[in-house]
């Protein structure tokens, strides 16, 4: 299965010059952890906002001997994950898997797998808005200066206003982090539950924003701290009940409405984690 | 027992089949041919080519057919195709002064060298639905071919250049610098005018129309006159090693609009008219006029005008002009967001629970204090104390 | 490094090896380079055919150039390394252009000694730190060791390196140690000897003989 099935296109769709441009940018990204490197993002045959950034990064790192896993909301079988996985099967002919442990490259939207990632795995995030300061300062010119001068006070003011208003930091996903003590970074819209997995990860983490034409990285073994306050320390979500399917108490749970009366149950958002736990028990 | 929903693959395949069926329409109708779209829906084809940044009428027509006539979807299809094409050569700048004119009008001078050429236009038609077309009557067959179509197709000078001997209108100079290529490198704001024009040229027509219109209604008013609007064929040339002079590789239809705008002058510069510029593939007159208005509005900073209106704010205007980017990001809201939504659910339930507890506590306090005939205390609970709250991770490190 | 003086004009550009399978070989090389830059100080072996006689750069450096260079990149080459018709070979295989101006270079082929003479490479700016030169360095030897100690992103704890004679490697390590002072501006380096390659990113903290004791107080305080 090592040759592209659709011979009209290059291996993994992108032409070699585009891949090289992205690869050079990726090397800069890992050398400057958390800094958003501009890159000449290309149109992909899928809409902007649907993972074109992640796909361009995947296309640039993917090799014939890789095994690819694609998840959306933690699940391998959500429509967009299915669609992206089918795309790479078609244009790169690579092996795909739903098992986190068997994947060498994992493209994800909105989650980090529950199973701890290894040094020989690369996690590629789809990013809608890469700029963590964007909702405070809409101008790119301004936010670039703020990053250059390490002027991140406004971010704390924003989080603080939440506390004053709600008694809590009201950011629950895309929760900003500081990478290696320097850059404030948007971890993509993962729930803050996943933020601790960014810290000192064994696996390389790459982030691609296609429409905004930015990519960035967290190398393995890198300090990643979620922004917080001494009297309001960062904390992650917790549930009162375990997963209704596998009984996990350490995973991120999705709420599922099961009848017209609004009765609900909670199940793992990471489908591979849930399945493998259920199989172990069986 | 609940089972997680599976079968996304099947759902997608079904959806595609259904859409293909819907696109085809009733089978007792003949299938629309791409050549018919190309020939008879030419203005839609031109719009798709302009916003896709690819001059290929046949493929633009195919994209329109495939997209069931959805222009934005057709632009996306053609753009995604364009991005896979190899770059074989770079063309020289097209010379619109040498355009073989089929339409050329000026609103600023009654008569101009080369003459006004009305050309094919919907202007001055009465917008009455033509029920003959509905009946399928071939109205045109017995009317003679339009007069002067061929004779009209010849080069004539740019009006603004003819009139510039007095220096009344600012002159645009080619400084010879290599233009930035927005299709290969991301724009880094602020961008220069050549880059802005590239972004506007592929910008969504409806968006530019609205912004251009807003400048006419006072949001960044700059007193425009349509100096010249021209449509016709221009030669596309490249330089080939071993050949003296450029080699023509073909001819494309283009539309160009030069707006003349007021400018009061400054200490150094005598009062002078300024220009706004619009250029697009095909017959895209409305697009080029809107583009010229927005181009001029975006020159506010350069010309020392106050920047007060949306159309004058370059980053705002340019970052949101591309229909492929905009429609993609708006439509991505259809993708599942239940992980993020779950995060918000968890928080809002907690906030509501705390709010209820506070309200209950306050009510209790009120009834207690009322019993003691004292005023109730405000119930702001244990909100954060700014003195106590200190940034832990962020050091203000202004150099 | 083969420094034999040869009539390098006799070497034709196509005597330098290209990639047998440009798509998959460059992908494989890139993943090795990405791994090296992600985990500074780890060693990787780039498998490449032999370079022509007289070549003064390492096969690993040549592999990095083949994987990363094209028409859009400019390369600065130390005169001592520009042997065996390297410039023509680079243009032939990648389309990359050479530049005399180190500030314009995307990549620079250097030895540690080059860096004691030439300091004009692009560091990028605080707003655009990515607009910098990446060094591709030839060293006399490359192994795990305890001459130079690396820490920071990509390094769990510390990682030790030896680059042959420590005195001769010092100009390189001084330049790379200085990265911390002007971070995020800085130079990233691929360091090579024969087939072997490692990387030191600008985020890497360095310690070793002749380097100022790490005054990265911020880092120490934060990790404490």
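We call the chains A, B and C, going by the order they appear; numbering starts again at 1 in every chain.
Assume a residue touches a chain if its C-beta (ideal position, glycine included) is under 8 Å from a C-beta of that chain, and two chains touch if they have at least 3 such contacts.
All of these numbers come straight from a predicted model, not from anything done at the bench.
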{"item": "Chain whose average C-alpha position is farthest from subunit B's own", "value": "C"}
{"item": "Identity of the most central chain, Cα criterion", "value": "A"}
{"item": "For subunit A paired with subunit C, centre-to-centre distance based on mean C-alpha positions, whole Å", "value": "30"}
{"item": "Separation of subunit B from subunit C, taking each centre as the mean of its C-alpha atoms, in whole Å", "value": "44"}
{"item": "Residues within subunit A bordering two or more other chains", "value": "38, 149"}
{"item": "Set of subunit B residues in contact with two or more other chains", "value": "188, 399"}
{"item": "Residues within subunit C bordering two or more other chains", "value": "126"}
{"item": "Complex interface listing, subunit A residues touching subunit B", "value": "9, 13, 15, 38-45, 47-50, 52, 72-75, 77-83, 86, 109-111, 128, 138-141, 149-153, 155-156, 160, 163-164, 166-168, 170, 172-174, 178, 184, 189-193, 211, 213-214, 225, 227-232, 237, 239, 244-245, 252-256, 258, 265, 267, 269, 271, 274"}
{"item": "Touching residues on subunit B, where the partner in the complex is subunit A", "value": "2, 4-9, 11-12, 76, 79-80, 82-84, 86, 183-186, 188-190, 315-316, 319, 324-325, 327-332, 335-340, 342-347, 350-351, 354, 381-386, 388-399"}
{"item": "Subunit A to subunit C touching residues, read off their complex", "value": "10-11, 16-17, 19-21, 23-33, 35, 37-38, 60-64, 144-145, 147-149, 180-183, 200, 204, 217-223"}
{"item": "Subunit A partner contacts - residues on subunit C that touch it in the complex", "value": "22-24, 26-28, 30-31, 33-35, 37-39, 67-73, 106, 125-127, 129-130, 132, 134, 152-156, 183-184, 186, 188, 201-203, 218-219, 222-223"}
